[in-house]
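So, here's a batch of structures to check.
Shared chain: chain A. Partners: chain B in the first complex, chain C in the second.
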Partner chain A sequence: MVAVLDVQAGEKAPGRLSQEAVWGLIFLVPYIVLFLTLVIYPVGYGLILGSNPKSYVRLWTDPVFTRTIVNTVVFLGVAVNIKLFLALLLSGFFVHEKRWIRWLSVIFILPWAIPSIPTILSFRWMLNAEWGMLNSLIFRLTLEDGPNWLLDRWSGLGMISLVHIWKYLPFWTLILLAGRLAIPKDLYESADVDGASGLQKFRYVTFPSMRNLYITCTLLSTIMSLGDFNSIYLLTGGGPADSTQTLATLGIRYAFGMSEVEVGVTTVVVALPVMLPLLVLMLRRMRKGEQP
Partner chain B sequence: MASVSVEAVRKRYGALEVVHGIDIVIPDGEFVVLVGPSGCGKSTLLRMIAGLEEISGGIIRIGERVVNEVPSKDRDIAMVFQNYALYPHMTVRENMGFSLKLRGAGTSVIVEQVRRAAEILSLSSLLDRYPKQLSGGQRQRVAMGRAIVRNPQVFLFDEPLSNLDAKLRVQMRTEIKALHQKLKTTSIYVTHDQIEAMTMADRIVVMHDGIVEQVGTPLDLYDRPANLFVAGFIGSPAINLLRGTLRRDGGRNWVATDAGIDLPLGGNAGGKDGQAVVYGFRPEHLALGNDGGLPVRVDVVEPTGASTFVYADLSGAQICGVFTERHGFHSGETMHLMPQLDRVHLFDAGTGHRLVG
Partner chain C sequence: MSLRKIFNEARLMLLGIVIFIWTLIPIYHLFVMSITPRVETFAGALWPSRPTLENYETVVKQGHYYLEHFWQQLWNSAFVAVMVCAITLAIASTATFAISRLRVRGGRLVSNMALATYLIPPAFLAIPMYKVMGVYGLLNTQWSLILTMVTFASPYAIWVLKQYADKLPYELDEAARIDGASPLQIFRLIYLPLMAPSLVAIGTYALLLAWNEYLYAFLLLSADKDITLAVALGHFLTTDDAPFNVLMATGAVYALPPAAIYYVFRRYMVSGLTAGAVKS
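Showing the complex of A and B:
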């Protein structure tokens, strides 16, 4: 009744907000303030910093930058796809309802759950060419020196991708596992009766049911991996000689290593023309939901 | 087409046995319904026949072949699932042709078989639709079409109508029965709905707690239930059951209830004098007596149009009567009802078994 009376009162005095609307605004204020200070301001400031044309000229004439673009594309293309493909396969293993598989999945999730810095640093030590665990083993077994894992552009990027996959594979496996669990069991039983082999069940039942999820995961993982700073910075630091930088780490190099803050921000802005369409595409897919 | 035989089949999950040695022989071309309450093991038995559950003991044969170790796809069966299990990303046509495609049939064969099945089930106009574009009844029909296309030895149905509304269920059960009369493929049909069982089956297998209570034609089960469970399960409204003691005195037999009512029996009743028994009569086997019948007080009258259900109190026990004539009963009034003596069932109160005279 009170609300009804208020609305009527509001109608009688045009131009004045009803009590309900005033309260609504009061509740909105904290969110608006947070949004302005934590989203609009930093993004806007970043765009302003990244709007100096000289920065772009500086970037495009810097061979490190062009190499970084190639590195980023290779890293995303290889790491994201291998990671999701493995996640798709592994989710097929973890979907089995056995007790030991449940326990194994807890162990499997660990790389994702524990903090990056100690784990990635220990990879770095393991891969050290002179005294790392891996090369020590190789030397003991073969009496030959192992490869310089982190001291070459492509093997460095390879190791970065490996660490990235090791770190994030559990997460995507879990997501795809949830997708698999949502497929009705009787579809598989029906396929059994129809005469489908294991591979045919994957081809005709599992994958079609998961295709949308898989594509959405690939998009999301691409966006997230583009921002993966830890795997690169902690493993190779972008080196040797800036040969394994990606866009995520290059900005830091310019901004803090070389004190060129504007150029540093510009490296991030450069990724926007690729990032934004991906984001829009993904949000659209998610809104559309599951459609065959 | 083939016969199916189930010999001493058991199913255990760990230490828990849910199917305790079942024997059923289903001749070629018969439509058998497995019926029973939830958890009686009927779906488990069907799934063992289908090859979707391992068999813990016993033998299942399809035709002459023991299929215990034969994978589902090689048993030459087709199954209709409760939730239809249509492949959501395939059209009706692809769904129906899928099993033939997997078996490497040529395109012309697939096209022809799908066309034939679609014609039988009036699905021809829906072939290019996806399952989500179909109504429940249409999906159900596609699921059956998928089974027909294969031309299997045996059809297995796992509660295929339970997701449909009441009207559609009645319509579909007639269609399934008509389909069986046309194709004459051996069919095993699982349901918890005794009306479905009665209307569709050549023979019914009543299951309860993992055992078979009785196997027989629908009217066998209705007219001569082997025990109290079958008597109570088959028939709607349920049979009236009253406990009492069998009395024999000269040529006269009756059952004396604890409430002091004497229930009349025909001359050929089985059992001994003094035996604790359960006296059963179906609601539709009551006649309006004048003064000679059992005096009851009418509680509730439910007219359904075709017949009238009367719930009445017989010295503390509630009984139900069904009358097709319109008598104009009123709640609160007393009337006299007489069970048809040749339709009265008598069971041993201890074992629940039917007493045969």
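Showing the complex of A and C:
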């Protein structure tokens, strides 16, 4: 066998190329099969399921759906931006080279490293209006009952955003920290020589170098947060009375809670006109970043 | 040490304390509730008057209706996670070898497709994926969950691995070719060893992704003996009088393995997974 390979490898370009091409295909086939059977097929299936005009009528006449659209936009606008802004600030904290800050960063990553189910359920219990730890504490301090954190639409959405931020802040901080560490040190040194203040250094050195990365992160995080199912489903379950649903949970509710599969898929298809441009934009940015 | 320096240090410390508390609040709550005796469940105390391990004992001995199959479910979680890790590594490493090292025709198209797939939120594909698994006859088997998670883990795996693969010097492959090595030998003897650090990062990523998955696990599996621990935890929510302390103890047990794995491979994870995003 080795001899045969030797001969082939020693041949001129055409023979060798074909051997490599064959191996290339063999190596690529597993992913192509996976892609065709479990990406293309379901996506196509989904588009067909979501093409029934009746489903669109059903959605537009359902007040839950319009409310869900508003919820989704509010959730993305608030949670994504606060999360990334905090991540930008915190990346400036963790960039300090101190022993205790390195130790703190090990703890800080915990929310991202551990599964979200137990921690979200922990939040859910802590925020319980009657016997949660938070309201017990409020009662002991003020002798008044605390708010119904999860039983109101806006405070429910606020808590969903809080849990989402808690879970994903470490990841984005790490990404932005890596970006910050990539800024050449001498830029800061020359700013120091010019007598720049901390704020000026941020404005004229840090931010211009990180703007592109920050925008990429915002786009990516928007797309990913659109699919955040756990923070909503496990915290409020979309309640009370379906007032805190987002697109990620509403589709599942229609399809599996109410057995309206086509309507469920349609909720996702409705998001495509917004999602596809985002996707294309993101794809371009990521491709560009890949070839330095 | 100037006054200004002390002031700056104090400001950092203060911020550090805030970060510390913010990060640990729900984890502390989880832990406290898991060692709170059942009679004190609804007291909402910051620390139980009689800390106890009885909830953990209940978990380990499967001593509750919700936990009848605890060990089986823990095993299911581990099995699914390990299979997803292994299959993702196999598919992604071969694909990136073909794309980046053998420069197979159409490779660029495939890596673009993978990247586009990475940008689809998994929750958005849930319903069609469920239907398709029904067509394949895999519904209610763990393979449906394993294949789904491989589908969602491999695009990112391909993207990250490809960037590392592109950086390996091509002279190595050339030298091996001149010595008569076949592509398979180059893959095994040059590519895999050089890619080891990023393979560790991606393997850990896939493992944790699968272990932590809730939505697909709860859609695709249903029998108590087949579900993963994540789904079992969700079952506690189906009634109002669920034993929350036992739930928290189960949650702590469930959260421990991924945390441990993350910290063991942290070195690889941070550099391996952030490298891709930073360059853009």
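We adopt the following convention: the second predicted complex is superposed on the first by the 258 of 292 C-alpha atoms of A that agree within 3 Å, B and C clash if a C-alpha of one lies under 4 Å from a C-alpha of the other, contacts with A are read in each partner's own complex, and residues count from 1 in each chain.
Keep this in mind: contacts are C-beta pairs under 8 Å (C-beta built on N, C-alpha and C of every residue); 3 or more make two chains touch, one makes a residue touch a chain.
Predicted model, so just to flag it, every value in this text is computed and none were measured.
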Touching partner for A:229 - first (chain B), second (chain C), both, neither: second
First, second, both or neither for A:193, with chain B first and chain C second: first
First, second, both or neither for A:178, with chain B first and chain C second: second
First, second, both or neither for A:208, with chain B first and chain C second: first
Which of chain B and chain C A:126 touches, first, second, both or neither: second
More chain A residues in contact [chain B versus chain C]: C
On chain A, the residue positions that both chain B and chain C contact, one per complex: 292
Touching residues on chain A, where the partner in the complex is chain B: 184, 186-187, 189-196, 200, 204-205, 208-209, 292
Parts of chain B lying in touch with chain A, wherever the complex brings them together: 50-52, 71-74, 77-79, 81-83, 85, 87-90, 98-99, 102-103, 130, 132, 146
Complex interface listing, chain A residues touching chain C: 2, 5-6, 9-10, 16, 19-21, 23-28, 30-32, 34-35, 37-39, 41-43, 45-46, 49, 90, 93, 96, 98, 100-101, 104, 106-111, 113-119, 121-123, 125-126, 130-133, 135-137, 166, 170, 174-175, 178-179, 182, 212-213, 216-217, 220, 223-224, 226-230, 233-234, 237, 247-249, 251-252, 255-256, 261, 264-265, 268, 271, 279, 282-283, 285-290, 292
Parts of chain C lying in touch with chain A, wherever the complex brings them together: 12, 15-16, 19-20, 22-27, 29-30, 32-33, 41-46, 90-92, 94-95, 97-99, 102-107, 110, 112-117, 119-132, 136, 147-148, 150-151, 154, 158-159, 162-163, 177-178, 180-184, 187, 208, 211-212, 214-215, 219, 230, 233-234, 236-237, 244, 247-248, 250-252, 254-255, 258-259, 262-263, 266, 270, 274-280
